[in-house]
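Quick one: this structure, given as structure tokens, is what I'll be asking you about.
Letters A, B, C and D mark the chains as written, and numbering starts fresh at 1 in each.
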Amino acid sequence: MNILIGEKEYFKGIGQIKFEGPNSDNPLAFRYYDENQVVAGKTMKEHLRFAIAYWHSFCGDGSDPFGPGTHHYPWDVASDARQRAKDKADAAFEFITKIGAPYYCFHDVDAIDGHNDPKEFASRVEFISDIFAKKQADSGVKLLWGTANLFSNERYMNGASTNPNFEVLAHAGAQLKGAIDATIKLGGDGYVFWGGREGYMSLLNTNMKREREHFARMLHTCVEYARRNGFKGKFFIEPKPCEPTKHQYDYDAATVIGFLREFDLLSEFGLNLEVNHATLAGHTFAHECQVASDAGMLASIDANKGDYQNGWDTDQFPTDIYEWAEAMMIILKQGGLAGGGINFDAKRRRNSTDPADLFYAHIGGMDTIARALLIADKIQKHGEFDKLKAARYASFDSGKGADYVAGKLKLEDLFEIAVSVGEPAMLSGRQEYLENLLGRFV
Amino acid sequence: MNILIGEKEYFKGIGQIKFEGPNSDNPLAFRYYDENQVVAGKTMKEHLRFAIAYWHSFCGDGSDPFGPGTHHYPWDVASDARQRAKDKADAAFEFITKIGAPYYCFHDVDAIDGHNDPKEFASRVEFISDIFAKKQADSGVKLLWGTANLFSNERYMNGASTNPNFEVLAHAGAQLKGAIDATIKLGGDGYVFWGGREGYMSLLNTNMKREREHFARMLHTCVEYARRNGFKGKFFIEPKPCEPTKHQYDYDAATVIGFLREFDLLSEFGLNLEVNHATLAGHTFAHECQVASDAGMLASIDANKGDYQNGWDTDQFPTDIYEWAEAMMIILKQGGLAGGGINFDAKRRRNSTDPADLFYAHIGGMDTIARALLIADKIQKHGEFDKLKAARYASFDSGKGADYVAGKLKLEDLFEIAVSVGEPAMLSGRQEYLENLLGRFV
Amino acid sequence: MNILIGEKEYFKGIGQIKFEGPNSDNPLAFRYYDENQVVAGKTMKEHLRFAIAYWHSFCGDGSDPFGPGTHHYPWDVASDARQRAKDKADAAFEFITKIGAPYYCFHDVDAIDGHNDPKEFASRVEFISDIFAKKQADSGVKLLWGTANLFSNERYMNGASTNPNFEVLAHAGAQLKGAIDATIKLGGDGYVFWGGREGYMSLLNTNMKREREHFARMLHTCVEYARRNGFKGKFFIEPKPCEPTKHQYDYDAATVIGFLREFDLLSEFGLNLEVNHATLAGHTFAHECQVASDAGMLASIDANKGDYQNGWDTDQFPTDIYEWAEAMMIILKQGGLAGGGINFDAKRRRNSTDPADLFYAHIGGMDTIARALLIADKIQKHGEFDKLKAARYASFDSGKGADYVAGKLKLEDLFEIAVSVGEPAMLSGRQEYLENLLGRFV
Amino acid sequence: MNILIGEKEYFKGIGQIKFEGPNSDNPLAFRYYDENQVVAGKTMKEHLRFAIAYWHSFCGDGSDPFGPGTHHYPWDVASDARQRAKDKADAAFEFITKIGAPYYCFHDVDAIDGHNDPKEFASRVEFISDIFAKKQADSGVKLLWGTANLFSNERYMNGASTNPNFEVLAHAGAQLKGAIDATIKLGGDGYVFWGGREGYMSLLNTNMKREREHFARMLHTCVEYARRNGFKGKFFIEPKPCEPTKHQYDYDAATVIGFLREFDLLSEFGLNLEVNHATLAGHTFAHECQVASDAGMLASIDANKGDYQNGWDTDQFPTDIYEWAEAMMIILKQGGLAGGGINFDAKRRRNSTDPADLFYAHIGGMDTIARALLIADKIQKHGEFDKLKAARYASFDSGKGADYVAGKLKLEDLFEIAVSVGEPAMLSGRQEYLENLLGRFV
């Protein structure tokens, strides 16, 4: 990938980030992520399909509920919205090509300022997506997925597709149309729905049943529109349990899968799982991956890290090898992500104010995940985990156990079998043994 | 209801608990629960269908992970298992009739000690259920639901219906048969599945997909057996997110409903929601009630109270009027519980060692819920909540909003509508107003 | 109290909020808060000393991490900072006098925009505090406490008094001087320290020992300055465990008391306890009150309500009678708050966008607390709680128990006593009885 | 260390666990823990001072609140209490010497069954401690610390040293005397207080102030007794926030340090920090270590691992290199643990029922911690963390910053300095850089 500099260079003094191996002392080099290294039959680049998130990296200013932004971007100064968007795109593609990520992701309002007039908004999105198209062609960077931000505009304070007011829902539809159009134009591999305010603040004023039905209706409407207009990619739903809402309808993997099944949407959709959202929902990330994978729905990932002591979406960069090794074991087992990639939905800390911090943050994240891939591959090749797990369930592979699975036994049959087999042997779950086995590869 | 004393009286000095009204200073009287008071067309007794839990009240000895039991029961001293079971039944029906609860609930091993030989276990259950049948006839007390304890015996340490070893699963089946037989014999209104160890301790040794399939198969097997043998009641699943497992498959209402739909079990089942399990899952109790009610699955309740600061199933007795008033609003709205009742799955504190404490605890719980029913009824009659909520969604009742609901609009239509309506008015969610309105009735 | 309207009326159509009693259907009336009603020897007004928080009520725009503000204030439109501050003061005192709160509280930057030049900032604070002085005189409203906002300005991103850079600490000192000067001028009853960023984001870059020492030094410096300049009030520290920091040094009541004792600051300080901060720290509000009261440090309260399912400072308005009744029992027992009052550090929900919502919110909060005061007073007068608690510890009031308390017994003595008394009787903790007793008064 | 087999060998087929290095595939070998390897001037054995916990490893039967024990110990079958204790000691010292831990720890009732008669109980403890003395002499294994179990006996249901009934407190004193006597006899390096029920279940029945005073009095009484009888070791308090209590007075490191300071006990005590208790208190383990270390109180550690999704003391074996590397950085920096060691307060999972599981569990734990020690040593030698941290606070090392630290500046001085230095530069906290730096050594 060639570095793509726009009208001016924004990250001066930092060039292409290179792989230098685990022993490198260079904080601006990869120690594990070598895009060309072949692992389990594919290059790391093909496996991981890293994407840079436009919002955190080029828009997020470090503001939090207790103070305004600390990151002042030189690309965010022009007075004209279109010019500012163009400058930001220059900075974005410079960064993406310097860090060497093959993909990026964006919300409509990250790419360019929104506008209350749907026509002007659509025109703006067209303008910037034309620029993105050229940048993609010039750099080889591709769009992992696009999405519409249906939570920031004040009109969405009571929800977007779940707003009690149909007029607001219509505006959400207008925005969705623009974002889907742009995704199609840019050849996005996917389209993501994250329903930041699709939930409730209080049950006292909410008809949850109607709101969920309205939401499902919108998904059907979008799928129909996108397919009719040539979209070939996958649709993703990103679960999150709460924040900013009291409760978000797309709570976790199991809830979303249940929702999609209820409203006959399973076949068109996959899940985009975010690590921090698993944390907020009271699950491990591996759990969410397993639930999704078992349902054939583990499609894409928003990579970040939560804080186990604080209760909000801290969106830190990944650093935990264990968390990722366990997830990668599941992903490798299913043969890779189904249609998506790994997007860094992660932000530098508010007090990480050096431009280089954006590089350190992504390097750390990419290395963590690459290292986890190498670990998972070694585990897979070693084979003991698979062998032990298969043996553990062997009693269901044949004989009466298989009959049970096939639905051939009645409750009386089970009673008789229990009588005849007597008290079963106590079979250790061997958890500590397996934890040590995992530890051997970390 | 007449007090039913067995061979000896266990709760001497305490007679029938009577309703004395809110101003009573008598700690052994009801202040709100008047079983004959008519509320919204039914007596309180018919509405609430209170049940006493055999396990906590007559078996639970107050042990916890840091110390053995502190409650020493005079009915738990005979050396013979059948005699001990009989004595316990005497104590149980004495208490149930003195407190005036119309129902009770039990696990097989609460009623009588289990046995590793399925035939002996079945014979024991038959023995005690014959005694229960007579006690029911003598007292008028009825069985709300029965269940099998598939988590205490050491053989279930890796799960029961989800055990990786088919032999263990067969034993679970044997126990289920016995508990279902007893439930049918005793005319139970329902049969509950709470899968205490149906989950995992570690994903490293678990094939979650197979385990869930095995679990679904067992539910089908039980339904088939029960229907064939004349069971007319409802089957209930009781969600719980974890404890003793790291993760239990019946995590919360949404997860269970998704599971039942996936495995084509929805029509036979309802949910038995426990307050403390909502707390452990990160939900309000009202949330779980609403999710279940919206799906037509709010069938029965395990009444207790969690601790918002501690992270295990404290199973305290209900005291919070707010929590119950919000739940009762949902229950009244759907016309009452669908097939179940309100069972006190609650235990006295380990250090509540006076026999009278069992009465205080239940009186407090029954009064809390009765008071909540009165509040919900007043709110319903006042009607402002309903009116405001209906008005909030009125834009979907006709015109373009109704067209959207009916699936008649395409995404382009929404765009055009957004353009034509312009920026919608900001409509306050009025949460504080509604909280005050609720407060007015508490 | 007379309504104080400024150059224009901001809350048109809403007059003085009056007490109308529990049966009133008027959502703009008090049902429990009757400022003149005498309870336990003082009027409600004297007991509760309600204060309105400038920040949430007149500055907070409803923005959250996922969207900008939804509350657009007509007093926040003038282009000149001093004029805007003046308009805001008009609105504030109009609201405060209409709602009938005897006190208010503010941060320097709530009153008027801050400025990076300390002299200009000081001049601005002087300007607005002169206006406040006049408003106070005209209305009878008083200042409960003042404070400096040392967390919003980007320079405080690594802390203020705990910043690793002394220059930033100097700026914090400059702001503290201004805020203390204003508090003295306005006759504030107290001065609050809430150290929003006095903590760490990561231990990896933090010398916690030095930072805590620097913080203690700043408190000493402020006390010296304030006393030298005639401040007669109390200093308060407001504990909070985290947010926006990963960990805040003023974690909870016990931690702050330990800190003040360690650095010899106990005598000058009391605690300003916030309900939601207790929640975030994993405590009940009553727990924090009891810890503070036992140490003679329960001085003032920031009234609001957290969310037990979400993990951030939701700052909702109080609605829970139980939470407040338990706190009021402690406050009444210690003879009232020591030097402070009850400040509504609470905000309307982001989607509560009607001006009237600000009134509903405060009315609900004031009524909840007033009702809790009435309940606590009844409990106090009834006396059973006190009697039972005293009896429970009676064995330490005389005899060997009193000897133990007085330090007269050695370990061998305890051994001998244990031998001689034999196995003690099991004394029930009677928790359910006491919960029912509390419930009787709610 | 030589293997010490007693009357019979309990762990047949498993010999001395040896160090085989990171590449070993032997699950019964150490991959990192090499007791003779010198790290930072001491052997690993001297640094880590691993201890085996008698309770979990030789007494804990795997019971949990939902089921009885699954671990059936061949040393726990004799009918006589003294014989059973002797057999258990054989098993314990066999295991301790096979695993190669230099220390062990025990509660009185772990060593031998307690007895309600204090004299008989004392006699039993004397009996078993004589046996322990001989075992220590024969094997070279030493006692890290002793303690009394003041939470299991039903008489402690309302607390031990904080019990409202003085008679119960006297029994606690009797037990403390016996456990201290044994600790002195066995040359224990420390004596631990973990107050499992020293807290409250409900504030409604609790006088927290008196209870805390009684607790402090007991600590003084014990210190006086132990010193008078020749105890030279350290006293440790082990913080825990809750469980089995609603709230335990020794909540966390900061709370305990505050308590010890309040009651003038600081000089005699250090902290015994447990990883899982940090988790339950809402802290990272590194946080607790830093708080303790800054106060000179980081003395000993109970090694285990919590579960971030479940809310009780799961006491799993350590596996997380990050958690331990951060802790080891702090421990190395203070020159090692002050007086204590690292005790495995960890238990096999209930379903880990093979005898070998006890070995796997400890091997995994010891390797994790040994590896963390190696990492921390490398980080220390590399020096960049120290250098960066020192530089970050350099402005307080001289000039005005040092004057501030020395208390020479008044608030006006800070104001003038702020004016003169102008707006400070924004200095990045560099969190991601430092996380990567840490990751380089893991």
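Note that a residue touches a chain if its C-beta (ideal position, glycine included) is under 8 Å from a C-beta of that chain, and two chains touch if they have at least 3 such contacts.
Chain-to-protein mapping (UniProt): A, B, C, D = Xylose isomerase.
Worth saying up front: this structure is predicted, and the values here are computed from it rather than measured.
Contact with both chain C (Xylose isomerase) and chain D (Xylose isomerase) is made by A, B.
The angle needed to superpose chain B (Xylose isomerase) on chain C (Xylose isomerase) by their Cα atoms is 180 degrees, rounded to the nearest 5.
As a whole-number value, the distance joining the C-alpha centres of chain B (Xylose isomerase) and chain D (Xylose isomerase) reads 40 Å. Between the CA-based centres of chain A (Xylose isomerase) and chain B (Xylose isomerase) the separation comes to 37 Å, rounded to the whole angstrom.
Among all residues of chain A (Xylose isomerase), those that touch two or more other chains are 70, 154, 157-158, 201-202, 247, 282-284, 309, 349, 351, 353, 426-427, 429-431, 435, 438. Within the complex, the chain A (Xylose isomerase) residues that touch chain D (Xylose isomerase) are 27, 31, 70, 279, 282-284, 308-309, 317, 319-322, 348-349, 351-354, 356-357, 360-361, 363-364, 367-368, 426-433, 435-440, 442.
For chain A (Xylose isomerase) in complex with chain C (Xylose isomerase), the residues that touch the partner chain are 62-70, 151-154, 156-158, 196-197, 201-202, 242-244, 246-247, 280, 307, 309-313, 349-351, 353. Against chain B (Xylose isomerase), in their complex, chain A (Xylose isomerase) makes its touches with residues 116-119, 122, 154-155, 157-158, 164-174, 176-177, 180, 201-210, 212-214, 217, 220-222, 224-225, 241, 247, 251, 254-255, 257-259, 261-262, 281-284, 286-287, 290-291, 294, 326, 385, 388-389, 392-393, 395-396, 399-401, 404-405, 407, 409-415, 417-419, 421, 423-427, 429-431, 434-435, 438.
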